[in-house]
Structures are given as C-alpha cells and as structure tokens.
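There are two complexes below, and they share chain A, which is joined by chain B in the first and by chain C in the second.
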Partner chain A sequence: MSSRKKVLLKVIILGDSGVGKTSLMNQYVNKKFSASYKATIGADFLNKEVLVDDRLVTMQIWDTAGQERFQSLGVAFYRGADCCVLVYDVNNSKSFEALDSWRDEFLIQASPRDPESFPFVVIGNKIDVEESKRMISSKRAMTFCQSKGNIPYFETSAKEAVNVEQAFEVIARSALAQEETEEFSGEYNPINIHDNAERDGCAC
Partner chain B sequence: MAGSSNVQFTPPPSPPSPTASFFDVSDEEEDEYNTIAHAAAKRGVRLLFSKSKVYVHPTPSAKDNIPGFIALVQQKPLPSSRNNTPSISPKNADLSSYLLAWVPESALGDAYSTYVKVDLADDDSPPRQKYLVPPLPETTTYRDPIGLYAFAVPLSQIYSLLVRPPSLGWWFGSLVINTRAGDSFPALFFHDSECESTILQKKKRARETFDPFGEDGNVFWGGDEVLRWLRRYAEVQRSNVDSTVYLINPSEEDQLSFGKAHITDTSAAKSKEPSGPSAQKSGPAPHDAGMDPFMKAIKETRWKVLEQLSKITTFTRRTANEIADNPRVPPQVRRLLKTPEIQTLQEEFDSARIYLARWAMSISEQSERERNQRIWTAKDVLEMENSSVGDFEILDLETGKISIHERRKPVTRKEWEGFFDPHTGRLQVTVEEVKERIFHGGLDPNDGVRKEAWLYLLEVYPWDSNQDERQALMNSRRDEYIRLKGAWWERMVEGDSTAEQQEWWKEQRNRIEKDVHRTDRMIPLFAGEDIPHPDPDSPFADTGTNVHLEQMKDMLLTYNEYNPDLGYVQGMSDLLAPTYAVMQDDAVAFWAFVGFMKRMERNFLRDQSGMRQQLLTLDHLVQLMDPKLYLHLQSADSTNFFFFFRMLLVWYKREFEWVDVLRLWEALWSDYLTSNFHLFIALAILEKHRDVIMDHLKQFDEVLKYINELSNTMDLIPILARAESLFHRFERSVQAIDKKNNFPAPPLSAQQRKPTTRSQTQPSSSHPNSTSNISTNSNAKSPDRSSGPSPSRGISTALPSTPGDNQPDPKVISPELRALLRKDDFWNQNSDGPST
Partner chain C sequence: MESTDPNPSKTSLTDGNVQIRLNDDDDSSSKRSAEHHSSDRSPSPEGPPPPLPPRPSTLSLLDDGGAAPGTPRLNTPVAHSTLQSRATTAVSLTEIASHDNGKEELHLRGLPETVRARASLGHLAAPRGGSDASDSASIRSFAPYSELGDVENIFGDLAPPDSDVVQQDSTGLMQFPEFQADDMDDDFTVEFEPVGDIEEGGENEELVLEKWKAKRKHYIILSAAGKPIWTRHGDGGLISAYVGIIQTIISSYENSKDRLSGFTAGDTKFAVVAKGPLYLVAISRILESDTQLKLQLEALYMQILSTLTLPSLTHLFSVRPSTDLKRPLQGSETLLSTLADSFTRGSPSTLLSALECLKIRKAHRQTINNTLLRTKAGNLLYGLIVAGGRLVSVVRPKKHSLHPGDLQLLFNMIFEAEAVKAGGGESWIPVCLPGFNSSGYLYMYVSFLDLREDAETADESTVTTEESVAIILISTDKESFFELQKMRDSFVEQMEKNGSIKIIKEAITKGRPSTTDIVPGTVLHHFVYKSRANVQFAMSSYNPEFSSALRRRRLISTYNNLHASVHAKHTHVKVHHCVTQSSSSFAWVTPVFELYCVAGPHANRNALAQSASKIVRWVQKEEERLFIIGGAVF
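Coming up: the complex of A and B.
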C-alpha cells in the first residue's frame, strides 16, 4: 500500500501580525478565504497530503501568532521543523523589514543542525491590493532573498488564490529535501525517538 | 366459571382493527385467565405491563428510529404453538400464554391510550383493572423488515435476553430477544430520558429509598422494569459467563453451560453468544443472526464516519490494536475494530485514530448529558465527601451537581437592586453573598443588570460605596477618559514626540486597527461597515468602518496611552469587546476594561513570565490532581501545557460562544472560590477529555490539535460545575497533605480572608509570598521559573511510577498551588493607575 510510505513534513509560518499567515494556510489547505479570520493566538496547524515527485507526503503546516512577544513560547512547536515560511505584506514595509529578525529568531529557537542550509521560503502576500499602496517592490524583496542564501521568493494573494499553490509546492519540495538530508546523515533528531521512529516508517 | 364460554382457540384470519373503547377496560370480576381470549372473540388480550419510548433503530440515522412500546401481554396460547413444540415443559406451557412484545406507536391506533395508562400505572403488581388491547402477531422468528411491524414472543420461546444497561458510551440501554429457534429480534433501545414512566420511577426511587440505582448497582433504567416484570412469570437467570445475557427458564443443560458453570474464558463465551446456544438447539444459525444487531448498526455508522473523516486530515499512524485492546473503549467498538474491513481502513487512513478519539468523546458527552438527568441523592453527596484524595473516577459522580447549578437562576436586575439599600444605595448584604449568587447563577443576560454589576466585579465601583459616591466617581472617570484620549489624539495631530515614539505609536495604531477589524465581527454590534473610514491612509480606508469599531479602536489606543509600559498586545481586543458590548458607553467600558486588565496584565508581559507562571501552575495542579494523566502528558511531550495558551491568554474567549463567555467571565471575576478559578476551568476541560487524551493522543501535535478543536464544542455549565468540584477536591487535597506532613494545619479560610497589605501582591512579577511562607519551610523545591514550565518541580508525588524519581518525597504543596487558594490576588495593587 502506497500510504505506508508516508512522510510528515513540518512547516512553520512566521511573520508580523496581519500579513496573512492564517489566510495563506487556509487558502492552500482548504481553498478558502475569509476576510474575518481572528488574530491567531497560540498556534495551530493544518495537515495536507501532497504528491511530490510521486511521493505522498503529509505537510503539517503550523500557523502562529504574529506579535513578537508571543514567539518566546515557540520552542514547543519549532522543533523538528523541515521548512520555515517567512511572510510579509507587500503593502507594509515594516513587515518586510521584520523578516530578518523572524529568520534569526527561528534559527535560535528551532536550532536546526545546519542553520546555513536550513530551507526558508519568503512570501510577499496581499498583491491583490491596488498597486499604489504597494510599499515593497519585487526587486527589493528578491535582492533580500538572494542575500540570505538564495531563499525562494513568491508573491501571492491568499485572497484571490494567486501563486499560493506554487509557493507551497516549493515549500513541500524544500521540506522533503531537508527531511531526507536529515535521514541520510544518519539520525540524531532532538524531538524524540518515538516520533522519529514513526517517520522512519517510510525510510525504505 | 362464568367467562369460560368466551374462550376460543381459533386463530384469527388476520388481525382485525378493533375499536379501542371495546378493548380498553374490562370491569368484569372474572377469573382473569378465562376472560382473556383471542381476537376472534373480540375480547383482546390483557396488557400487564408496558413501557413507552422503546425504539427500534433500523438504520444508523436517528431520523429513522421508530418509537414504540415494550409490553408484556397475557393471552391464551395458540393451539398450534403448543403442539408444535415438543420439548415444552409444563412450566413452559404456562409461559406460552405470556408474551413479550414490541409495538410501534404508529401501529397502536386507539389502543395507544391504554398502553400509556398501563405504562404510567404506578403499581408493582398487575393492574387490578384489566386493560385489554388488540392481540399482537405472535411470532418466534423474525423475518419482517425491521421495525415495521409489531412482534410478540411467547416467554416459552425466548431462550435469552441480551441486556445492556446504559453506560458510558452507550447512552441508550438495550434489550435483544434471542429465541429458542435461534433468531435474534432487533435491539430495542430504551430512550429513558423521553420515557415518562421511567423518569417517574427514577424519581420515586430516589425519594423513597435514596437509591437511584437499579439492580446490580447501575443507574436505574427502563430495562430493569422489564426484567422485574418477567421475573413474575418466568425464571430469569443471569448468565455467569456473560453478564449481559439473561436466560429465560433455562434448562439444566443451559444452566450448566451458561448460568452456574465456572467458565472463566469470557471471550470464548462471548463469541458463542448469542448464536452459540441457539445453534446447539436448532442447527447452525444463519451468519447474520449471530451478529449482534448492535454491531450491525454501529458498523454501518462507523464505517461512513471513518471514511469521510479520514479524508480530511492525516495523523501519524497507530496500530488498530492499540485502541482495540484498550479496556476503556466500549466492547462493541473494540470488537468492531478487530473486523478486517475496519483494520484495512485504519491502515489506509492514518487519521482514523484521532477521529475515533473525537467520536468516542462525543458519545461519552451524550451519555453524560443523559446521566445529568439523574437524581442526585444524599447518598451520592456522602460518597463524594468520603472520597479519597487522588482518585479521579469520583469526578463522574460529581458532575451530577450540574443539575443543581442549572436550577440556579441568574441574578436579575430586580434581585440585584434588592441587594442595595433603596435610600443610600449602599450594599445591604455581604459582598460574599453577592459573589456567591453571581458565581453560581450568573447575571441575567437580558435585563441590563450586567451593565451595573460588572462595574463592581471589575472594581470600578467599590463594593462599600453609596449612590452619591458612585456618581461622583463615574463623573471623574469620564473626565479622566476624555483627558487620556485627548493626550494621544493631540500627539497624533501635532506629532510632538520623537521619531522613535512616533514610529512605535504608529505601529501600535496599525496593530489595534487590524485587530479591531477582526474581533467579534459576527456580533451584530460589530458587524458591517456603514461609515467611511476617517483616515484615507488606513488599510481599511476602502473597506469602511462602523462607529463601534471606531470606539473600540479609541479605547484600545487610550489604554495604550494609559499603560504605556505594557501597551496594546494582541488578545486585548478580545477582552475589550464583551465589556464594550455590555456597557455600550466608551468611557464606562474603558474603565471596566482597565479593571479587567489588572487581572489580565500578567498575560501580556513582554517576557511572557505571567503566562509561563500560569502554565507552570497548571502543570503542578495536574501533577497533584491527576498524576496518571500527568505521566501520560509527559510521555506525549506535552507538559509545557502550551495547548492551553489560548484559553488562558484570553480567558476562553475563543473556546465558548459569546453568551457563555460573558457568563464565564462574571463567574471568574467574582473570585468566589479563588482568584485563579480559570485554571480550574482548564483542569476541568482536561479532565473531561482525559480518557480520550490518554487513550488516543500520543504526541504534542495531537494533543494540541485536539484541544484547539474543542473550540465552540463545549458546554459551559457542566464545565463550571466540574471546575467547582475540582476546586473543592483540590482544597481537600491540600488540607489532607498539610495534615499528613505535620504542618500546623494552616487555617486556610482565615488565611484567605485576612486582609493583606499592598506590598504582598504582585501577581505577575513576583510570587505571592504571603502564602508561600507556609510551604517553603519544608521539602518544597522552589521551582526554577527561568526555565519555564518544567515537570516535577513543585510537587513530588509519591507515586512509584514517577519516572526518574525513585526517592518517594512526601507530597508537598508548591507555592504556585498554595496561591490558588487565594481570593485576593489582584485587588491589592494601587488602583489609581497602571502598575509600572
């Protein structure tokens, strides 16, 4: 049965409050948009099964609260992440400028074994808003991403479902690659053995 | 005898449709047996016993359930049935004139009223009056489509009854008739909560004997009555092998193999039943007849549910056996899980387990609802009092208190006004009395009493103030609000602050605006946008706004100004919305919010120390109150209790419906039992779901998901009641431990009421040391708070199973736990301004 070869990929979405983290997650997983998502408190996740090059994987996508002070409790769910998505609002320069500190904070708290190669994806959201309101140009964002080790960059509209699917496909690939590197490099996984053993159920 | 000529033995060609008046009551004082005739004689059969609201569930859908009566009737046996049953003993010959029957309500026609009359006859013996009803189709095999027709089985033909009382997981008790011919009739489900006679009988029992329990100590239910009546006419023997099987007039052989024999392998016996014994008598029974009709029903339901749900989400795999072998899962489900189809399904869909978990919970919630209708007796209360510390099963009993609370009426405006002297406006009852009323009854949601009472609960008005003082106070508060609001407004317009301040302020304003526009927009007050946005640069300029959103924005900006060290933090808009919705006056709501924030400030500190502190306290509380659950959470890597973060941060605002949130908050504000009652709410929620958590949830993500998804599924009132009883248990535990540890038992109640000085309470930033001096002198390890919630610091339980702790330290109450006994955690601070 093909389902026996399942992989769980843990993806964390970070970014300032109100940039659209919850909306992106829900657009991707449930194909729905609502203008009235409440501010996320604590953390929650959704799962989605996807095929990546004929491999069935389960993405566990974690949505988090955006205000900085709530990040200190993030340790609880950052651990074992396979990819981190940094989201900003293209109409809000503050949210773009915060990307760097989100990235640092994540690396500190998740402490992946090889921080240099840990996969991030940057998403500039809310491109549906009229052009005159736009604060961050694509060029500026891409320059930033290049300087941080060629982080893949996407511009999306969670509201109008633009580019969301494409972004998450890359997220899934990056996460899977990360998961495989970790498996390959013969494992020490700080989460727990139990958890790890489960995931290895697929490591044929 | 006089009536003997009436007896006729010719079977009716077809059941006629007699008129009820004819059959209803026979006043003749005749020998009862001989007055009973068959339909051909147009006399009807005698109805000895009936019980209403006994359903057949022909499909898994509740819509298809067919209500009916179970009945015991007496009639002359058909000659044929006598002749064709060679092995019938003389005893059985008599039995064949008694029939156990089920009749759908719809088939009763005019006889309905007779069935109701007999059902409600409050008699232990057959009614003196003879109630006659149309005869029922006598049968020993069941072939008809389920539930369409009535059936009546002579007692002589009944081999056994499969009786399942209602229990956790099976909220309808049920009964299945297995005939000597090897047939099983459809399960009859007793909807006791709809059945008037059962409700009355329960009440009567409770009243007369203080014993709500039926035979074998279970809760009394409709099936008990059926068995009691059967015993009058037949020998009813409960099988030793399988306690759900009752043999009717068992032969010696049967008794040997089923009744008195000492077979210990119950699983083997179970598989024999019900087809086993009947197979011996009448050859192999058809496969389906062997299947418990229960199983048939569940199988269909379950299959569909699993199939649908498992498509949604995926969780990590568990083996089916894990659930299947779990003794807490109802046996039917366990058996079900062992069927090959389900196992395949589970293999295909990893998520099956988590949905099973949720499903199991919904079933037990149903059954809890049922149990809540039970009558609470003095005996139960006594048991509760004697219960030993640390044994959680008692909780199930304690939830029975709920019904008491439900009966407590909310405090109305009229009652509230009665608390105050009509001339001076001074409180003329004790504060404690008022708080007790609010804690247990809540405030009337519709008559505006909240508008007034909340101001006391939130310490805008002192409890000992008079009308004039309050008037003056409110006037100065209004002025103060205008001043505060003016301050930031001025700065916004004139921009006289540093660039840095300006930047911070702009950021806060954006944050507030974003959050206000996504807070409680489903509440009519906050719904819709009907005015243009005042600021064309706002991200909401295109969307528009409404006057209440603008008020919310202003109040939060004013709070940001009033308490600049804290500032606005996400979650505060959730706390303000209900306050504003109740007050509908920005200045009043603002000060009520300020009062609320005094309690809540610790939740929003930059270093999150207040949240850590509360999660740690919860950690200690679970360790003390439910060590087994705690160990499980440890094994699931979940003792950070992070999954309670949202609930604690905004006091369950996201977990309950709006109206329930208001009710909950006023209970919490009352500080009636403790000023940290919200942690007992958390414990109550955890306890309610403990079995599911322990049985099914093995990892942090699973626990978090499960708890998060409880949002908007919980009934508040039972949780409040559970939390209250947990608090009392906690209090008793602390007292017991203190005694045990030879503390000079601290007079807790005195301790709580003793006025404390201001310096003693800094709830968020320091320990409530005023109480901790009692505990810290002993083995209490001071928890290392810098490392966040960490297990096994505050209390070391003496449990042998505590991992890595082989030194059985005596139980010690940590300072965190001891602080839970306080009722004054918040109100001793300087109330004239924000704590800085």
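Coming up: the complex of A and C.
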C-alpha cells in the first residue's frame, strides 16, 4: 500500500507525578527544558513528525497527569494508543515500583487486542542527578523489563537531553510496528471495467 | 518555556518539519476516478449486492400528504427537522395525491373578516392555547386581510417571547440576531481559502494558526481515540492538539448518561455528534441553530459511510481502536470538504431537507419519464436526470423510495466535487447510499449530457455546475456497467429525437424566475417554498440581490432564523415576521407548505404579506411544473 499519507501514532506517557514525563516530551519535541515543576492537569498533547525508515510518521504524544486526582479520564486517554511509555525516576524507588501497576492500569483501561505483544517502552529518567542519590540500578530495571516480555529500556536525562532522541526513536518504531500489524490493504475487491469488457461484452 | 502549560497554543509544531496539508492533496480528478475504478475503498469483502430494504410504511411524510389540511401538524417539528436522512416518497405518485383540494382555501377563505382575525389573534396570544387553533384560523389572521391596526398587534404577539425582542420605535422594529458579517468586507470567499502549510522551521506558524482561527466555520472529525480524521481547515498536525482537547472534553461526559451535544462560547457555537467510533464536531460563528449544525454533521457522517459502508467502519475500529481512518478515507476528503462548504455557503436544500427540481412542463417531464422507462436496463435500481443539482426526472422501483440525504451526497459528489465530471465522459463508481442501505455498495454510472451547440468550438471550461446535466444510473449489480452504458446511449438518442434535450437546455438557460417575474413590482427580493408532501422546494433567482457569496450567506442565515423560529420545540407558529436593520423577512407554515421570503428592511408589511400570498398562489398554479409529482415508477 502506498505510504503517501502520513501515519499518525498515538503515544501515551504514564508514570508517577514528578518523574519528568512532561519534561521528556518537551525535550523531545521542543528541545527545551524547564527546571520549574508544574503539575500537568489532565493531559497535554504534542505532535512531532519523524522519519522511521523513510516513512514519515506523526507522533501524537499524550502526556498524562501523574497525580491521581487528575486520573479520572483514564479510558478516554488510553483508548486507541499505539505505544505506551512508562516513566520512572531512577532516584525514586516508589516511582519504579509503581511501573507494574501503571502497566496493568493501561492494559485494563485500553484493553488492547493482544496485551502480550502491545508495545511498551520503559524510561528511567533523571540520570543527571548525582550517583549517590540513585535508588534503582540499571540491572534491576532491566530485570523488570525482561520479566514483562522484553520491554525496551532507556535511561535518560530530560534536563541534559541524554538518550531522549534514542528512546523516542524506539517508541516511534514500536508504535509503527504495532500500527502496521494489520495493515489496511489487500482486502479490496477492485472493479475493473476493462476485465468486464472482455468477459461480458454487451450483456444485452 | 513553561513545561506544563496546558494552553493548546504551545502545542503546535515546533519541530521544524514541513507539514503536508491533507485537504490540499492534489486529488486531481483523474486520480480520484482512478481510485474509484480500482475500488480503493473498503476492506469489506465484496459480498452479494445488499438486499433491498423494505419500504418503510409509516412515514410522517406520507401522513402529511394524506392528512386533511386543517390538521395541526406543526406540533412535531423535530420529526420534520430531521428529515434529511429519512426516506421520502417525493417522487411517488400515490402518496401525495390528495392534499391539493384544501390548498386554495387556505388563503382565500374569509379574507376581509377582521372579526375573525381578531378572534384568531386571541388564540395566538394566549400561552399554549394556540395549539388547538386550527390552521385555517391562524392563517386567517395573516396580515394582509386584516385592518392595519390589527396587523401591528398580530406581529407583536407573534414575536418569540424568549428572544431579546425590543420594540425600537413606533414602526415596531425588532432586534433580532443577524448574521454577523456587517463588520467585515465582502470577503466571504476568504472563508474557503486554504490556511497554508507551516514552513520548515515553523516561522510562519503563528500566521497559519491565525488564519485558521479566523475561519468562521470549522468541521473536525476525530476517532474516539482522539486521532484526527478530517478537518475542513488546516491539517491533522495543525489541529492535533485541539483534537486531543476535544476528545478529552467529549470523553469526560461519556460515562454520564448525559452525553455532550454542544456548547457555546461567546459568539461561537460548538455542536458534537458521536457516531460509534467517530466524533464529529462543528464550530460555527455563523448564525445557525444547533439542529442545523447537527444535521450537517450527520450528513458528513453519511459521506463517510458512503465511502466505507457501516460494517467496514465498525470492523476497522473493533479490530483496532487506534485505527487511523485518514488512510481508508484517502481520496474522499474532497467530498467532505465540498459538502462542508456547501453548508457554510448556505444551501436551501440542506436547510429544508428537500430537493429542487428543474421547472419544465408536466407533459415534457412525462416524456422524459417515459423515455427513461422505455430504455430502462434490466438491473437498474434508480435512474436520475439531474441538471446542476436540480432534479429533472427520476425512475425507481415501486418498492423503493429515494432518500434526500442520499441524493444530497450524490449531487455533492457529481456537481460540487467536480471529480466525477472532469473524469471524462463516463464514470463507474461504487457508492454506498446509507439512507437506502448502509451495509453495502451500489454501482453508479454517471455521464454528462453534452448540451453545447457545437462541441468543436465550445470551451470545456465554460460549462458551469448549474448548466451541467448528469445522467445517473444506479444498480446493485457491479457487473452492469455496459448494460447501463447502453441504456444511457439509447436514452440520450431518444431524448434527442423527441426534443427533450432541447427542453432541458432551455429550462436551464431560463433559470429560476425572479420575484418580480412572478409578482410584478413586488417588495420581495427572494423566496423559498417547500412542498412538504413532495419534500421538494422551489425558489426564486438569487440575482441580482444575492449574487455575491456573502449576500447569499446572509439570505440563508435569515432563512435559518425563520426556520428555527417556526420549528422551535413547543411552538405552534404559523406566521412569523421579522424585521432587522438589513431586511424584513416572513415565514408562513401550513401542513402543506412552508414559505420563507425576504424583502428590504423598510418593506411595507401589507405589501410583504400580499406578495407572499401571491407567490403561494403562483407556486400552486405551477405545482406540476415546479415539482416532480409521481415520477416514473416500475
């Protein structure tokens, strides 16, 4: 099928409040970082166009509120996502331990057809903070990701723009792969009038 | 930059990529038509032709035709306002046979009886008491036949109680909302110009957004997952953030039993229609009622069904809620845009949910009908001869009626979207007519009559939409192209012979009559008359008063106003008169017809009403020429 038309991919970012979801998105889309913290209310939406293997895709990134009181819109946000990004703060073990419940929450709410193969990406953010404050080791995070079906794992710094591009490239790729599993093609039944001409001639 | 500002304006694209406009895809006709030929439409397996649905037996329309003229029928305005997609027997002979007897009486009975006029006035003034007043009573209260003194009171009383009606001076000028365009130059065409693309680097982003926001009308279709599907202005990238917000707003009402159907912010109206996996949103700063906006959204939804069919649409989203419907709809965006633009420009057909016919003599139409019947192909379902959106003749099976909503889609595709026309002499298009059967495709043969005297010298581009005549032959059989082509050939041949083509051509050249042609010296600038039983309307020429797009839009807005007033819930208004600074307008509604007319702001009320009455008499005299009554049935 022709890929003349851009694909639009819906990407959802989940994680505890304050882990840097909005910052990651802003760093990726706008190449900007703000140190001041402001809670996301409900959700923010940003768009980014990227090339994935010569294919132009638009990523529609839904940055959701981490705070529970803003979570009332669950189903609506999660529905129809092509990829889900789970973010935690490497200096905050509680945010890491919450990853599993975020994942479950997503699977319940979005109820994708094939939960086993639905693409997730895990990001451990804030690696710019001094090493002594780090609570979650790379090894521990990777073990978790492996146990959940080999989820790709990235450690990033939204502040210093470390690994952000790379993480989102994998996100885009996973989303596109998910989007393409049932490509819209091949089911047409073309009507070819020239064929008819040969077969039918004049049917009168 | 503040990182968590929910303000949507920041969410536009700053990543420096060039945006490709979706609406501007050069969907040239050849491409489109190629798509049609390859049937690049739906994933649904091509099953057997869709079964023909049984003809609905209880239609309010039919009742209208059979009911006694005196029966108050206006207490079901909602039913009428949703006619667009209902079945109609507009062109069947039997159902509409019997209402014309009472018609003449309506305006002739009891002319000078001011006593009666006063009595009926009491009915109208009494709160809700008027509902029992017979139509004839209220019609007798109609202005021209009472004394001047009464007239003032009648119209005062008829003013809608809830609107901000202010008696301005002794002439009784009322303040009524007008199309807010007086502050603008005559530049309505800007509304339809593309907002442009955001350049690489995003320098012109502000400008593009500004242009986008300046549009008076927006239509946005999105999936329930919040993916943009189609937008009239801008592209999916530009509006993506807004789409997210729209999805959030709609979704937050989803779980409550009370779904969001619309809201107003300042002078901007938002209407929302949720259809399965799709949300359709209209945003309007043009004077339109919620009902009208929703009808427009329903029509856009029908257009999507017409491209995909309902089962495919449902299937796509049940398999994958994240479906990006832009791709399956690829190539049909033009149809959505032209349809949307026809709503924005304002069309009496949409407003009244009715069709217009080409005015020709009854005997001439009979000849064309008979020619259609004589040349009919065996597997023909519907045959239509249409002149620039005006129906000339119809042939259909006895068991199946035609749906105005379906015809609206067809006419849009054939006459407005231009794709079909430019595609060459003949087109073969699979199309789903959702009013007829939303589950499968019909196959449509379209060919345009060549009306030019000399095909050699005439310039192709001079044939306007109004002048083009299409022969539309529809079958359930996808193999029937050649059969229908043959039918077309012999039909055209016979039409040439019996002079019908010349007659159609003359009727097109003659155009619609002006109000002064009908009533010499009348104050009326324009009128629209809807025959309720036939679901058809007739109107006067737009020229010279309403030849510009803006003036026409204002005219339609005036009609919108009148229409909304007389069709408002719980009202039983029969006559409605409205004076604004730019016009005075007048609506008259009976079980048989709806008449809307417009004159200059200082038009004398008596003159206005008298002219209206003459127009009605003229239409009734010309009824069999203006409307298709019966049509060809097999």
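Basically, the second predicted complex is superposed on the first by the 172 of 204 C-alpha atoms of A that agree within 3 Å, B and C clash if a C-alpha of one lies under 4 Å from a C-alpha of the other, contacts with A are read in each partner's own complex, and residues count from 1 in each chain.
The rule we apply is simple: contacts are C-beta pairs under 8 Å (C-beta built on N, C-alpha and C of every residue); 3 or more make two chains touch, one makes a residue touch a chain.
Given the structure is predicted, the values throughout are model-derived calculations rather than measurements.
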Practice problem: Could you tell me if A:Gln109 is touching chain B, chain C, both of them or neither one (first, second, both, neither)? | Solution: neither
Practice problem: Decide which partner touches more residues of chain A, taking chain B and chain C as the two options. | Solution: C
Practice problem: Using the touch definition from the top, say if A:Ser174 reaches chain B (first), chain C (second), both or neither. | Solution: neither
Quiz item: In the superposed arrangement, which partner chain does A:Asn26 touch: chain B (first), chain C (second), both, or neither?
Solution: second
Self-check item: First (chain B), second (chain C), both or neither touched by A:Val7
Solution: second
Quiz item: Touching A:Asp82, do we find chain B (first), chain C (second), both, or neither?
Solution: second
Exercise. In the overlay, answer first, second, both or neither for which of chain B and chain C A:Ser157 touches.
Key: neither
Quiz item: If you stack the two complexes on chain A, which partner ends up touching A:Phe45: first (chain B), second (chain C), both, or neither?
Solution: both
Quiz item: When the two structures are overlaid on chain A, which partner does A:Asn91 contact: first (chain B), second (chain C), both, or neither?
Solution: first
Practice problem: List the residues of chain A that touch chain B in one complex and chain C in the other. | Solution: 1, 4, 6, 8, 36-39, 41-47, 49, 58, 60, 72-73, 76-77, 191-192, 201
Exercise. Enumerate the contact residues on chain A facing chain C in the complex.
Key: 1, 4-8, 10, 22-23, 26, 29-30, 32-34, 36-50, 58, 60, 62, 72-73, 75-77, 79-82, 110, 113, 179, 182, 184, 187-193, 196-197, 200-204
Quiz item: Can you list the residues on chain C that touch chain A in the complex?
Solution: 1-6, 8, 11-15, 17, 19-20, 22, 37-46, 223-228, 236-237, 240-241, 243-245, 247-248, 251-252, 254, 316, 319-324, 326-328, 330, 428, 430, 443, 478-483, 486
Quiz item: Quick one: in the complex, what on chain B touches chain A?
Solution: 313-317, 347-350, 507, 510-511, 514-515, 518-519, 521-522, 539, 569-571, 573-574, 604-608, 611-612, 637, 640, 642-643, 645-646, 649-650, 654, 698-701, 704-705, 708
Quiz item: Along chain A, where are the residues that touch chain B in the complex?
Solution: 1, 3-4, 6, 8, 17-18, 36-39, 41-47, 49, 58, 60, 65-67, 69-70, 72-73, 76-77, 91-92, 94, 133, 191-192, 194-195, 198-199, 201
